[in-house]
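Structure first, then comments.
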């Protein structure tokens, strides 16, 4: 069993890591770290409200009893000597400082965006761009690290790029237009989305999100030539909105393909696309195509394959773009596109001997 | 004062007509008609639940006392001899049968789609395509009617086409891609959208809606050459979804213009666009452009100018379409795009002497 | 394996029966019946929308493949000769006619209220009033039936009476005051609760509901003296409301006990109360007491023990009633208080040899 | 015109004060104060997000242009020499420090709870306990202040006590049991209620709220004997919950009266109860009784008389309490029970010469 540390363990993403690693066949939780305020207290104490005595446990899954007695360490001073993997669930500005410290000696898999756009840093989605893992060799060399940093993609990009991959591989892509209807959980809890603001409403702007969908999609679908990743050469133009849904991002996608293809061809390549199949957290299939025209729906479909599969529906011709195809997708923004997706990356890197 | 009959007066759209005509300066309600079941009862009796005694009044505005004592007529047998305008708030299949009967002698303004696509029937939006009213002369002649039928557009098309008009007029349009997030009220009450289906969810399909946005946009922005309307020559490709919002459709729009234009140019032509200004129900401006990047929001903006103005925000460059521009809009689907919009059409036709 | 027929199989409660019986260790589905409209079609055809081709499957659980090919029978003509149990998921007015027909020969377990208040009909909750099953002997004799009818309680009564039982048994009860905040699923789908009516709102009246909580609580906690059930001698005064929650009724309960007791005593008797423990669908404990003052919450707690346990929190002194105690409960209105609760009744009656 | 200062002007309650005082016939806004962070900036700058440039204006009503250019003062150093009334919209812990400072010279009307339970401090609701204003003379004397502090009640108590007053006056009250379903706006914005926590849910606990309903109801309905207020001698036992409603608290009330009375008697005394009628912000009637059994509903009824009237429905016999009556009420928690209610108190005190 490999030993994992979770940094930012008291926050919602940290707790999702705890859930994702419960009973994991290859990895066990060996350390929990958070800010100084939580340090040197048991995990249970650290997440118990001083005021009300209530447990501040934010996952739908029940609290994981095994970690309740573990002592939380101060992340800045965390001793990683007997740790094999660091899962980082901290905010980007902290990540910039802390993650490189850990990476000197250890593999760091991060949900933060801090290092996503560095040339020697891959944004890995196992089964979609597994070969980009080799960029980690470059990174280690260039930075003189024994470890490395590898972030997972932004949650909105994740489902998009997974559904684009089969299309890109078979038909090529000229351009993508996308409108997202994103779940509230993507905004976290600090401050998160207030109920009074989202009830009976849509928030039509999520700062920074649209730029990420372009940049990360191009990088993830880019070509690794042995030394670097050349971004895919098509634009992604998106409008990202927040709606009154708890979990599960819905995206309305319009794609211009290079080769003409019928809607049924797209459905077929999506259905036939095979991801990583030997990893414990991998979905059976990355993309599930639904025939019911009223699907996918976030509440009904987000948990498909425990939130690791992206569901697609309403694939049909678009009449505006060259070789236009349009469809909708639902992707679980706090499973595949968060902690559980990061654990999947760890599994890939364990299989590929980048972590041992 | 012109005398109006409201057909389908007991339903939600009929009630919206009653509200829209309360204290109207030019039009008074002279007759209410509904199905046989409601006939020969006072309006109040007709909308009172036999079971619970509760008033089945569905508007946010308080019930209009003036009509409560009016006798509801059987729509099939309604005597229109002393009526000047018929407002039709019935379903399409009934509209096919009843509206032509009324139109033999009287002007019929309808919220139903039954006749929208007939060549001699305009889909009027005052201030956007007022000149299409002249098609009514053709219609009268070809059908041998003293009256006519003129439907208002589908609710999703309405806000879209109002915001496209200033762009079309100044820069020309090559193509439009649109994703809608539509309010529940658009689905009416029979059966309407169930709370258990929409809570924490998106319904990604509204049968027939997407086709309407293409067909009606092309017709409304088409050119009237004296005898017919030649549809505008650009495609509208849309994905229409239903979300957990009560009123107000939000639309994410991507436009390819013929002439290159900056986002600020589009904002300017929208702001400077002048609609009909002398009609009692007309908004001061058809389009209101908001600078706050977090707007428009349906709950905050749908009631702008009593639901008659369309609000727009986040106008910016799109990187995929040729001369691409993208923005979001909010349009009140049960005001401008329903009864109150139909009353506005009546006002235009009164001004233009088509109704007297 | 006993063979079950589900009457009303195409509706939402019928589908919940199908889910509740999937992989059941003692019972298998042998017949599905519905109205004439669905008769003689495969179950899949019967629940497929003719218009859209979508499957009208309303449960969160995936459709049960095993029944999709079964032929749906016309309920009025259903042949029950090789059926051991009839589960009835039909409306009360139909239940009045159909259930007695089935009961001539077969046991009928019903979610309808049609026969709940007949003197020779028990309202069974296994583990709460299992001994009332003996009333079925009286019923058979008095009606000359080989079978019988036994309905489950109203969904709002169910959680209330389960939490009252330990109190009643140990301390006695003088009176109960209750305010419910009921989930939308309790209103079903025809017509159900419209999204536009419940969003940002509370519906403060559910016709008939409050009377049921009094009458059924008294009957279920009544004493079976060998020939009849003498209702418990205390009043239940309730106010029942509908809120914007999908599943799980929340109830705010105030109880006056006969013997004085502290809040912790009530918590203890609830925790120690043992229900039926040898039935496959029975929860480990009927009542789960939570210490966190912010619990129970319907979204977090409704699924406790797969929706078969009632969760309770905030047990504390009330200062108004004599020996007053107040608490909140959450009960799953479409699991324990619907099909799955009816299956639990079947299990009890199989164990007790009333069904074989 | 009297000159008012608003302390805490940049928060949501402060903004509601700005709206409540717009075009007020007797009072004008002469000063705005907030924390040091906002000080010495124009109000517009102070509420503009540095990050996004968006205006942080939280009211449904449009921003009040008149105050946008006013300079915000540092509350701690605010000069009140030419101020006639201080409206305090700050949190309780700050109120404890700041309000006494202002009260040395000026009348302070507060939405904070800091001083509510002091013996020489009235909790005023004009028309309900206007005579308690005389306690301010005692307060001035005992504290040696030229000014005074008078807080308004907690938002949940407000609607309750307004509906209890007519009952108390005519029939007397033995006890009250109440369950509230409170709107999210009552929790404010820092941190407020998160959308992910309240969607499809009920939060069954609001710390401190239940105690307030007992203590404040007793005090407001207490008897002023010339020197102090003797609290009303009946208990209020309540359970306070939070639901997914934006504005408007719904309360399910059970009352035991001293004299027996029928439901229709209670409806009558509520309808006939006359509050303050000569104050600009006063509702025409404090209590509006609705006959429709499906009312009051928060979304439909909260804005009655611009949120200043409390609506009541479903008045009927309760079978548990002695002379029991039960009903539901809806009260606007951020109008009558917040800034606008505080302005109403100011009006009463102006009329009574306590402010001049």
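Per-chain residue numbering starts at 1, and chain names A, B, C and D are given in the order in which the chains are listed.
The working rule: a contact is a pair of C-beta atoms (placed from the backbone, for glycine too) under 8 Å apart; a residue touches a chain by one contact, two chains touch by 3 or more.
Because the structure is predicted, anything quoted here is derived from the model rather than measured.
J.: By mean C-alpha coordinates, which chain is most distant from chain A?
T.: Between chain A and the rest, the longest centre separation is with D.
J.: Taking contacts as defined above, which has more of them, C-D or B-D?
T.: Of C-D and B-D, more C-beta pairs in contact link C-D.
J.: Quick one: chain C and chain D, Cα centre-to-centre, how many Å?
T.: It comes to 42 Å between the two C-alpha centres.
J.: Per the centroid of Cα atoms for each chain, what is the distance between chain B and chain D, given in Å?
T.: So the centre of chain B lies 41 Å away from the centre of chain D.
J.: Please output the residue numbers of chain B that touch at least 2 other chains, ranges allowed.
T.: Those would be 52, 199-200, 205, 207, 244-246, 293-295, 300.
J.: For the complex, give me every residue of chain B touching chain A.
T.: Those in contact with chain A are residues 175-177, 179, 181, 199-205, 207, 214, 235-237, 239, 241, 243-246, 250, 252, 254, 256, 293-300, 313-314, 318-321, 324, 326, 328.
J.: Flag every residue of chain A that touches chain C in the complex, lowest number first.
T.: Touch list, chain A to chain C: 52-55, 60, 199-200, 292-295, 300.
J.: For chain B, which residues count as touching chain C in their complex?
T.: Chain B residues touching chain C: 51-52, 184-185, 189, 191-200, 205, 207, 244-246.
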